[in-house]
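What follows is a set of structures for review.
Shared chain: chain A. Partners: chain B in the first complex, chain C in the second.
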Partner chain A sequence: ALSAGSRLLRGRGGHVVIRFALGGCTNRPFFRIVAANSRRARDGKYLEQLGCLDPLPNAHGEKVAGLNLERLRYWLGCGAQLSRPAEKLLGLAGFLPLHPMTVTGAERLRRRRQREQQPEAAPADGSAEPGTDS
Partner chain B sequence: PAWAPRAVPARGRKTRHDPPAKSKAGRVKLPPPVDPEELLVVQERYRQHRLVLSALRAEFRAEVLQKKREERLAAEGSPEELEEHRRLMAWNEEENARQRARREERLRKEEEEQKRRKSEIAEKRARKMEAFLEEKEKEVLQLQEEAKNFITPENLEARIEECLDNPRNYNFAIDKDGRIVRRTVLS
Partner chain C sequence: MAALAARGTAALPARLRPLWALPARRALAADAGEGKAAQPKPAFTDEAVQTLLYKMTGLDLHKVFRPEKKGLKPPHYKLMTEAQLAEATRKAIEEAKTKLIMPPVLNEREPIDDVLAEDKVLEGTETAKYVFTDLSYSIPHRERFIVVREPNGVLRKATWEERDRMIQIFFPKEGRRVIPPALFKDENLGTVFQQDRHEDLLNMCIAQFEPDSPDYIRVHHRTYEDIEKRGKHDLLRSTRHFGGMVWYLLSRRKADGLLIDMINRDLLDDATSLITLYHMLHPECQSAKEAKEQKLQGVDLIKVFVKTESQREGYIQLALQAYEEAMATSSAS
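And now, the complex of A and B:
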């Protein structure tokens, strides 16, 4: 794996990241939450698997994820970085504080839904009233 | 395949070194619109989030170090040694606390000393200033008094007349015993 000009040669740097490694088949993704060197391929050799995530909802409509919190604490204590989706997942799980963009995304969605409902309600009322009046 | 329609532009047919098409000559690429209030809110949230994250990381780091230390100690020595070590560490802590207390006492006393000295110096300086001012006041008053006796161009004539009218005799005789005689031939 270490050739003369490979990106994994020692002497330049690289850090541990906790990120999602994609696996599965066509139209059926499956993520493994993995602690790996940042310079490795996404699905390449990792240091340790810390959990998994199934992005497709199951029969009961739930998205299932598994986490190894003990080892997560160890790796975070050793100074591992987190990728954004990993941070969001851990925030939703309650291990870390909620990511700001989760909250912001939820607010934006709510505002958009309200805006869509109000124009439906207002033209519906506006078209109904003149109809009843006249 | 390269000819498939894409929702987001990606490099299909052209490499990054090919020039853009003529139809894109007037294209102006703008960044996505940003709501400033939302931006402030989001920045504040990020700041808090990062604060919490760094605190958590510190916690985990301390945990990991503690575990490593315990492992090392357990690998090295027996329980008695560990007990001994803990006892000695506690005693060391107490000693440190005692020394700290003593040092703080000393520092506090020195500070008080300093303050007292400073206030003394300030008082002395104030007193000297007052004395100096008083001296100057006295001199000024004295000069004012003497100024009444000065000879001015207006007084000149009168004073000269006065001097000429009252001749003073400065002559006197003295002998070796120190007896002075002021009565002379002139007066």
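And now, the complex of A and C:
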């Protein structure tokens, strides 16, 4: 179909990316890990589905993800790029090294939680001390 | 006999062959490690053991091909000559032999406990664990990579239960559920046993669990114990579970109930093969030594066994007497 594909004409760019395509229903997301042309719609026609990820935990408290590593290796060998969430997921899986933003995000979260705890502790101490003094 | 066994193993579906290969190697290695001076302990998969078990299983075509509850279809009649009927019976016997291939008897599997990476940085970021399954099509399920990233940052291999569940989700097998049915819990097994549906239970168990999973072994042992307690050995005769039951009972030296059942049904050949198998499994017992010295055959073998090894001597003597009287009257008349 050249009418829709006129934007995807070869010779002007566009590369293969491995990214998440969102599916599912309202308040029920489901991601398919997909190798597609970068200029396609997020949920549009893709080259190959390489796996899936269910972001909601199941009855056993697990987030189920499947990855077709053989085909993933093939597309990476063909020169496919990865989107950042895909890189983070593969880092969690152990296929790639842990993404630096995952580490940074974890540290930022920890610092934010510490800051939230300290102001609670500080006024609590401040209010307790005059009480003990007097 | 040997040809029969060879044909039997060759006809094994490809799915069962790798599982059968494992325990033979493991058993050999274990025996080499123990360094027994006597013969190594016979395994379930030995040819001699398999031929004996197969002989005892029997081949009742009416039971093997009894009508299963399928869709309603009107009966199909064919007009055949004698030769065609013989040909059809021969084909039916071949098919029955494939239906009677014994499922493997394996030791319980070791729990998986392997940590691949520990990333303390990730502590507190996630609330639920991630389970990653490798979906490459051409890998055998035993070698598939299934890893779990815990909320505390530890990347470990999945436990056997998690593995079975994930493989069933992504590569569903017919007759198997993701979560095992409540039927297999201990409290519900009693209901099934009261309805005498041991065979159906064992078929469902084979469909649901892997042969070396603890649940499979537990259900099978409970079934065999119940059969032994009630003396209903005939329920499993001419099914593929008979060999496993005999193996279980003989390993625990509970051959009496089975022996009585065989003698009552005038299956003396099966009784002698049962005793031979018992001697192969426990070569150090007294009756085995006597049998080897005197090279006994047939009824004498049973009598020696009864005198030395059995607990229910009186019952077996009575059964043997009844059998001999029946033989005498039938040969006289």
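Things to note:
The rule is short, and it goes like this: the second predicted complex is superposed on the first by the 130 of 134 C-alpha atoms of A that agree within 3 Å, B and C clash if a C-alpha of one lies under 4 Å from a C-alpha of the other, contacts with A are read in each partner's own complex, and residues count from 1 in each chain.
Just so it is clear, contacts are C-beta pairs under 8 Å (C-beta built on N, C-alpha and C of every residue); 3 or more make two chains touch, one makes a residue touch a chain.
Everything numeric in this text was worked out from a predicted model, so none of it was measured.
Steric overlap between chain B and chain C is absent once the structures are superposed on chain A; the two fit side by side. When the two structures are aligned on the shared chain, A:57 is found in touch with chain C, with no touch to chain B. Of the two partner chains placed by superposition, A:42 touches none, neither chain B nor chain C.
With both structures placed on the common chain, the touch criterion links A:77 to chain B but leaves chain C unconnected.
For chain A, the partner that touches more of its residues is C, with chain B and chain C as the two candidates.
Within the superposed three-chain model, A:99 lies in touch with chain B and out of touch with chain C [touch as defined at top].
Chain centres taken from Cα atoms put the angle at chain A, between chain B and chain C, at 110 degrees to the nearest 10.
In the superposition on chain A, contact of A:113 is made with chain C only, not with chain B. Taking every C-alpha atom of chain B against every C-alpha atom of chain C, the smallest gap after superposition is 14 Å. Shared contact residues of chain A, touching chain B in one structure and chain C in the other: 98, 103. On the side of chain A, the complex with chain B involves touching residues 73-74, 76-79, 96-101, 103-104. On the side of chain C, the complex with chain A involves touching residues 116-117, 119, 121-125, 127-138, 145, 147-149, 155, 162, 165-166, 169-170. For chain A in complex with chain C, the touching residues are 51, 57, 60-71, 92-94, 98, 102-103, 105-107, 109-110, 113. Here chain B touches chain A in the complex through residues 38, 41-42, 45-46, 48-49, 52-53, 56-57, 60-65, going by the rule given at the top.
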